[in-house]
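Should a chain be cited, it is by its letter among A, B, C and D, assigned in written order, with residues numbered from 1 in that chain.
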Amino acid sequence: MALQPAPKKVVLAYSGGLDTSIILKWLQTEYRCEVVTFTADLGQGEELEPARAKAEMLGIKPENIYIEDVREEFVRDFVNPMFRANALYEGQYLLGTSIARPLISKRLVEIAEETGADAIAHGATGKGNDQVRFELAAYALNPDIRVIAPWREWDLTSRTKLLEFAEANQIPIAKNKRGEAPFSVDANLLHTSSEGRVLEDPAQEAPDYVLQRITRPEDAPDTPEMIEVTFEKGDAVAIDGEAMSPATILTRLNELGAKHGIGILDLVENRFVGMKSRGIYETPGGTILLEAHRGIEQITLDSGAGHLKDSLMPRYAELIYNGFWFSPEREMLQAAIDASQTLVSGTVRLKLYKGSVRSVARWSENSLYSEAHVTFEEDAGAYDQTDAQGFIRLNALRLKLLAARARRLKG
Amino acid sequence: MALQPAPKKVVLAYSGGLDTSIILKWLQTEYRCEVVTFTADLGQGEELEPARAKAEMLGIKPENIYIEDVREEFVRDFVNPMFRANALYEGQYLLGTSIARPLISKRLVEIAEETGADAIAHGATGKGNDQVRFELAAYALNPDIRVIAPWREWDLTSRTKLLEFAEANQIPIAKNKRGEAPFSVDANLLHTSSEGRVLEDPAQEAPDYVLQRITRPEDAPDTPEMIEVTFEKGDAVAIDGEAMSPATILTRLNELGAKHGIGILDLVENRFVGMKSRGIYETPGGTILLEAHRGIEQITLDSGAGHLKDSLMPRYAELIYNGFWFSPEREMLQAAIDASQTLVSGTVRLKLYKGSVRSVARWSENSLYSEAHVTFEEDAGAYDQTDAQGFIRLNALRLKLLAARARRLKG
Amino acid sequence: MALQPAPKKVVLAYSGGLDTSIILKWLQTEYRCEVVTFTADLGQGEELEPARAKAEMLGIKPENIYIEDVREEFVRDFVNPMFRANALYEGQYLLGTSIARPLISKRLVEIAEETGADAIAHGATGKGNDQVRFELAAYALNPDIRVIAPWREWDLTSRTKLLEFAEANQIPIAKNKRGEAPFSVDANLLHTSSEGRVLEDPAQEAPDYVLQRITRPEDAPDTPEMIEVTFEKGDAVAIDGEAMSPATILTRLNELGAKHGIGILDLVENRFVGMKSRGIYETPGGTILLEAHRGIEQITLDSGAGHLKDSLMPRYAELIYNGFWFSPEREMLQAAIDASQTLVSGTVRLKLYKGSVRSVARWSENSLYSEAHVTFEEDAGAYDQTDAQGFIRLNALRLKLLAARARRLKG
Amino acid sequence: MALQPAPKKVVLAYSGGLDTSIILKWLQTEYRCEVVTFTADLGQGEELEPARAKAEMLGIKPENIYIEDVREEFVRDFVNPMFRANALYEGQYLLGTSIARPLISKRLVEIAEETGADAIAHGATGKGNDQVRFELAAYALNPDIRVIAPWREWDLTSRTKLLEFAEANQIPIAKNKRGEAPFSVDANLLHTSSEGRVLEDPAQEAPDYVLQRITRPEDAPDTPEMIEVTFEKGDAVAIDGEAMSPATILTRLNELGAKHGIGILDLVENRFVGMKSRGIYETPGGTILLEAHRGIEQITLDSGAGHLKDSLMPRYAELIYNGFWFSPEREMLQAAIDASQTLVSGTVRLKLYKGSVRSVARWSENSLYSEAHVTFEEDAGAYDQTDAQGFIRLNALRLKLLAARARRLKG
C-alpha cells in the first residue's frame, strides 16, 4: 500500500502522564501535525487540571485542550446497559477496562469532527486488547478516520529510549517514573486493573501491594454491613432508599465494596489478539452490583427470559471484551436484553463481609414469586399436583421411545 | 385411560425417615404389593443401618433390603463430569440436588430388573423438580417401568393426616417429627439444601439456624488457609499433593469449605414445573472445586475451547436441573466438554477465608500461557506488534462499510 | 383437585365443519352453557357465511356469532415478524400451522372478555401441537381463562361414535364426511398441511392426490418465470414494483408458487408432546418469501448481524412451533431480530421453475456490497492485502500455541 | 520485525496451471530456494500427469514432485464429518471450497516435514478466505512452519505483469489464458465455485455459461428420477442398495445431481476478511446428500439431539468457513455431533427433478417413529391424551404468573 501522507491534525487520548506526553511530542515531531488533547474523567481518581497545564506546556493551544467529566455518561450509557446482561467474560471478569474504551473513542471521533482533525491517536500497545477496542469503535463511528497507534509505529521500544526521548524533548519526568514500575495500572470508575512485570508469572501469587483500591479482606471490618440496592428497569437507582445518579451510585458502591474487601479477582484470561495474560482486577462496586442485579432478576424475570439471557450472555460479554460495542450484533443483543428489563424493579438486601457479598433478601411490586404456588402448606387450589404426572409423561415420551429402541436393538 | 392394575413389586427409594416409612406402609396397604427398599449413602451424613432395622420392622424381607454406599460412583460418574462443564444453573446454583437424582433412579431401575419388580416409587412431592428428575431418568433407562409417586396419589395431604396414618400403622415417630419442621432439608456429599416454611418469604432473611453444615463466615477462622488442588483431565485428583479418590477429595474439600464459611447461597430459582422457589444452598466443597477448575482451565484451555464451553454451559446446566441427565443432548454436550478436558491438568492454589475462595496461583505442564508473548519487556521476536494493525483493520472492515452506508444514507 | 363447576359461557373456535359443530352441540349438552362462535378467515380458502348459517341452525344467537377476516393482521403481525427471522423448524418446516394458532387464541380471549364468557374451547386433539399452542397463548393473555378441549374430555373416541352423536343431535353430515377421510387437512394463507391415515407410514410415498394447492412440479409450466420482490425493513411490500398490502402480497406469492410447483415438503417432525409425526406441507408463497428475504439480507446485513440471527433462529423457530409466541423470550428474540431489519430494504429477482425458486439478482440503496473491495481488478486502494497477514497471524496465534504445546508434550 | 532470511526449501500447492507455475518460478527466482510441488486430485476433474511434466520442465527434481489422489480421504475425513452436521454457511452455502483447504494444508505440512522444507506456499490472494484457511490449518499443525503467500508479497499485481513474467521465464501460456478469463473457477469433488469479473455485480444475473458442471434445470430430463441413499452412522454408504466407497458415492451423486440440474446457488456471502462477495456455487451431489441426511435424521434422531444439532450448526459452519477446521472448538462440536450419529442409519428415497431434490420416503431399523403413538385411529393405549392437560398446564404456569402480574400492575 502506498504510504499515507502525514496527518494534519490529530486528537490524542491524553492522560497527562509521561507516556501520553511522549506520544504528544512524538506526534508533533514525527508528523509535524497539530495535536488536540482529550482528557476524560472516567472516575480514575486523578486530577485533570494538571493535564491541562502539561498540555499547554507542551505547546497545545488552549482551544485544542478538551477536558471532560464523562462519569455519568459512562455509567448511564455503558456500564448500566452492560450490567443488565450480567456480563462476565470467561465466567469471571466484569469487563471494567473493556467498557470504557468505546466511550473514549466516541469522544475522540466527535472531537475530530468538531475540530476538523483527520486522525486520532491512542497510547495502547500492539499486544493488548485496548488498541482493538479503541480502533474498532472509532472505525464503526467514522469509516474515514485515521488511527495512529504510536506504540506500533515508533522505535521507542525500551524504557531507556522513552526516557531519552522525554529528556531530549523537555518532557518532565516524575521521580517515580524514572525506574520501571513493578506493574502497570489502568483505572476508571468501574475497576482498576494491574498487570505486567511482577504479575507476569501466573504461578506466583500477586503481592499485596498490587491492590490499588480494595482493602485486603483480612483488614476489612469484622462486622458485616447490610445494604439495600433499589433497581428500576434493570438499573440501580438508590442505595438504602436514597436515590442517586448513576455515577454516584457506582461511586458509593465502590466505597462500600472497597471497605469490605469485595471484588478482587486474580485472572488468567484470553486476549482477543491470541495470547493469555494475567491480571489483578479490582471491581468493588461492580461486584456488588452484579450480585444485586441477579437478586432482583430472581423474582422479576421468569425462566423463559432468564434462561435466554443466560444463554446470550457469554457472546455479549465476548463482544464487549473484543471491542465490538458499536456493532449491529451487540445492539441486537442489547435490544433483547433491554426488552427483558422493563419490570426488573425492586430492592435487594445484601450482606457485605470480608471479601464477599451475598444477597439475602429481595422484594418487588413486580415479583413473580408466588407463595401460594410453592408453599409446603396444604394447597388452596393454586396448583394441581396431578398436572405434574402429564407434564412428566410427555416430557418423558421421547426418552421412552429412545429406550424402547435401545432395547429392541439389543434384542 | 383404563386404570392400571396394582403393581406386584415396588422398589422404593427409602431413607429410613418418617415420610418414606409412611410411603412404604402405604404401598403395602394401598397396593398390597411386595416392597423392596433401596437406601443409598450419597454422603448425606446419616447412618444407614437404622434404615435396615426400620425396613425389617415394617415387614420387608432381608433380601429385599438394598443398602449401598454409592459415594464414589456419585462423584466419579456424576459430580465430576458436571464440574468439567463449570455448570451453574441460573448463574449461581451448583446443582447439588439435581445431580444426585439420576444416580438414585438408575439404581432403582436396576434393582427392579434384578428383583423382578414392575414399579419403583419415590418420596418427592408433586410440586418440585425431584419428581421430574426421578421419573425422566427412570423412563430413559427402562421405558416400561412404572413409577409411583405417592405424594401425587394419596389423600394424606396434611401433616395431621400423615401422623394419623403413621400411628394407625405402628410407624415410630421420632419426637422431633411430631411438630412441623421449620424448613425441609435435602443433603448429599455435594450439598445441603433447605427450603420451605420459614424460608418461604424471599423478602425475609434466612435465620442463621438454617445452616446445616457450613460455619457462618463471621465464625470462621480469622486466618486465611491456602490449599492446592491438582487436576487430571479436568477432575480433581489431589489436595496439597496428596492423591485421593473422587469422594475423598470432595469430602475433604467439604471440610475445608465448611470450616471457612464457603459456599452459602440464598437463591430464588425457577423450577422446571413453572413456579419460583427460594432455597438456602450449602455447597462448601463444590464452591471450592468450581473456582479451582476454572483456575486450571485458565491456563490449559485456549479461548476457542473455553468460549465454546461457556456458551454451552447454560443449556447443559438447565438439562441437569430439569432432569435430563440421561438424554442424548446431555450426552452430546458431555462429549464436547470432555473433548476439551484431555489436557486440563495441573495445580491451582486457593485462598480460603471467611466465606470466600479465590484462586491465586496456577501452574501446569500443559500451560498455554506464554510469558514470551505477553511480556512488557522488549520483544524477543515471539510477537510482531505490526500484525495487530492488519488484524484490527480486517476486523473493522465490515464496521467501516456499515458506517460508510450510514453516512451515505444521511446524505 | 376438586371438580370445576360447569362453565357458563364458552367461546368456541368454530370452522362450521362437522367436527366443530359436534363440539358446539356437545358443549351445549354437556355443560348446558351458552356458546359463542368465532370463525376467522385466515385465508384457508373457505366461505365463512355457511358457518354463520350453521351456527344459527345449531341455536347460537346472532350476537354470539363472530365472523372475521383477520388475513391482514395474520400476515402483518405474525407471518411477517416470523419471516424476518428466516424461521425454519428442524431445518425445513416453515411453521405454517404454528403461526396461526396464537392469533386465533388472541381473538378467542378477547371475545371472551367482551362477551363475559368464562371459557374458550378448541377442536384440537390431545395428541398434537395445536392444543398446546392454543392453550399457552390463551393462558399468556388471560391467566384466569378456562380452556375446554373436548377431544381430551369426551368419550366420542371413534368416528362411529362421532357420527352417531351428530345424527342424534341433528347435525347435518356432508356426504363426503360419512366415510373416514384418507387424511386430515389444515389450511391458512401461509400453508396447507396434510397428515394422518394414508400418510402415517413415512416409508410410503405420499400419493399425488394429497396435494391441495400446489401444482405437481411435473405439471408446472415449462418456462421459468422471473419475479421481483421488494422489501422494506424486512417485510415484503411489492411484487414486480407494485405495492400491495401484506395479505395481498402473500396471496399473490401463493398463486405464483402454486403455479410453479414450489413449496412442497414431505417431513417427519418432532412434536412438542414427544412423538414424531409425518406431514405433507404446502407453502408456496412462504417458500418464495424465505428465499427472497434471504436474498435481500445478503446485501443489507453485515456478517455480525447475519450470523447472530442464524444462531438465534433455531431457538426462535422452536418457540413458535411449541406455542410460545406470547412469551418473554420470543419477544426478546423478536426485539433482537427486528433491530437487525431497519435497513433490510431493496429488491430481489427470483426465478420460479418446476418446483424450485432461486434468487438470481438483488439490489438495494442500503447495499453493503462493495465492488471496490472485492474486485479482481487491480486495487484502487480500498483494501490493503498486506492487512491479511496480520489478521491471519493473530487469528493463528492461539492455534500455534496449542500446536507448540502438543509438540512439547510429545517430546 | 526483522526481515526473515529466505526460505531454503518450499512446498508449493501446485495445480500445474499458469498461476501456480508463475509462483513456482517466482519462488525460485525471488528466494533462490528449492521447490517441492504438491498436486492433489481432490476430484477437480483435471488430469494430474500434465502437472508432473510441467513441474519437471520448470526444473523440479522428480523426487520433489508429489502427486496424490486424496479423494477418498477428502470425503471420508472432511466431507462426511461436515455433512453429519447438516452444515450450511449463512443458511445456504454447502462449504465446498472451505472444506478442501485444510486437507491440502495438512499434506503440505506433512510433505514439508518429510522433505525437510522450512516453508509452504499457496496461490490464494490476499482478499479471500482461502489464504486464511490454508494458513490457519498449517499453523495449527506446525507452529513453526513458514507460509509464503506470493499474491500478498510480489509486485505482479496486474494480468499484464503476470504474463510478462511468464514469458520472461519461459512458462508456457495456454492460448485461452492470454486474455482475462471472464470469471474465476475453483473445483473439487464436492463443488465448483465461480466468482469475479462478470459475476461481480450482484444485481446482474449470472450468464448461463458460468455453469461448469450442472445442467440448466430447463435442460434437465422431463422425467423425475427416484434414488435411494443408505446411511450408516450418519454417512452415506450405498446408492440404490449398492455399497460404494465414500468418494464413489459422492461421484455418483454428483452425476445424478448434475444431470437433473440440482445444486445451483447464486449467493452474496460475507467473507471472513470483512467484505461481501458474490459467487455461483454448483454442489450437485452435496445438495442431494444434505437432503438425504436430513431425511434419515428425521426418523432416527429424537428432538433433543436434533434441536441441539440445529443450534450448534451455524457456529460449526462458521468455523469451517473461517478456516478453523483444526481447532479445539471444531473438534468439540464434532464430538457432540458424532455422538448423535451412532444410530443414524437407514435409507431415504429421493425424487430428483429439474433443479430440485426432495426426500419422499425413509425407513430404518433404528426408527423412532411410532405409528402407535401418532395414529388418528383409536388409541390402543400407547398414549394417554389426558397427559396433555398436565403438560400444558405446567408449561403455562409461568406464563399465567406473568399474565397475572401484568393484570395486577394495570390495576
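What we mean here is this: a contact is a pair of C-beta atoms (placed from the backbone, for glycine too) under 8 Å apart; a residue touches a chain by one contact, two chains touch by 3 or more.
Treat the numbers as computed from the prediction; the structure is a model and nothing was measured.
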item	value
Co-neighbours of subunit C and subunit A - touch as defined	B, D
Over-half contact-pair match to B-C, picked out of the listed pairs B-D, A-D or A-C	A-D
Distance between chain centroids, defined by C-alpha means - subunit A, subunit D (Å)	39
Separation of mean Cα positions, subunit D and subunit C [Å, integer]	32
In subunit A, residues with contacts to at least two other chains	270, 273-275, 302-304, 307, 315, 327-328, 367-368, 370, 373, 383-384, 386-389, 391, 394-399, 401-402
Subunit B-facing residues of subunit A, complex	86, 90-92, 125-127, 131-132, 135-136, 139-144, 149, 151-152, 157-158, 184, 196-197, 200-206, 217-218, 222, 224, 264-271, 273-278, 294, 298-299, 302-303, 306-307, 310-311, 313-315, 318, 323, 326-328, 349, 353-356, 358-363, 367-371, 373-376, 378-379, 383, 385-389, 391-392, 395-396, 399-404, 407
Residues of subunit C that touch subunit B when the two form their complex	302-304, 343, 365-368, 370, 373, 383-384, 386-391, 393-395, 397-399, 401-402, 405, 409
Contact set on subunit D toward subunit B in their complex	1-2, 270, 273-275, 301-302, 304-305, 307-309, 315, 324, 327-329, 331-333, 335-340, 381, 384, 386, 394-398, 401
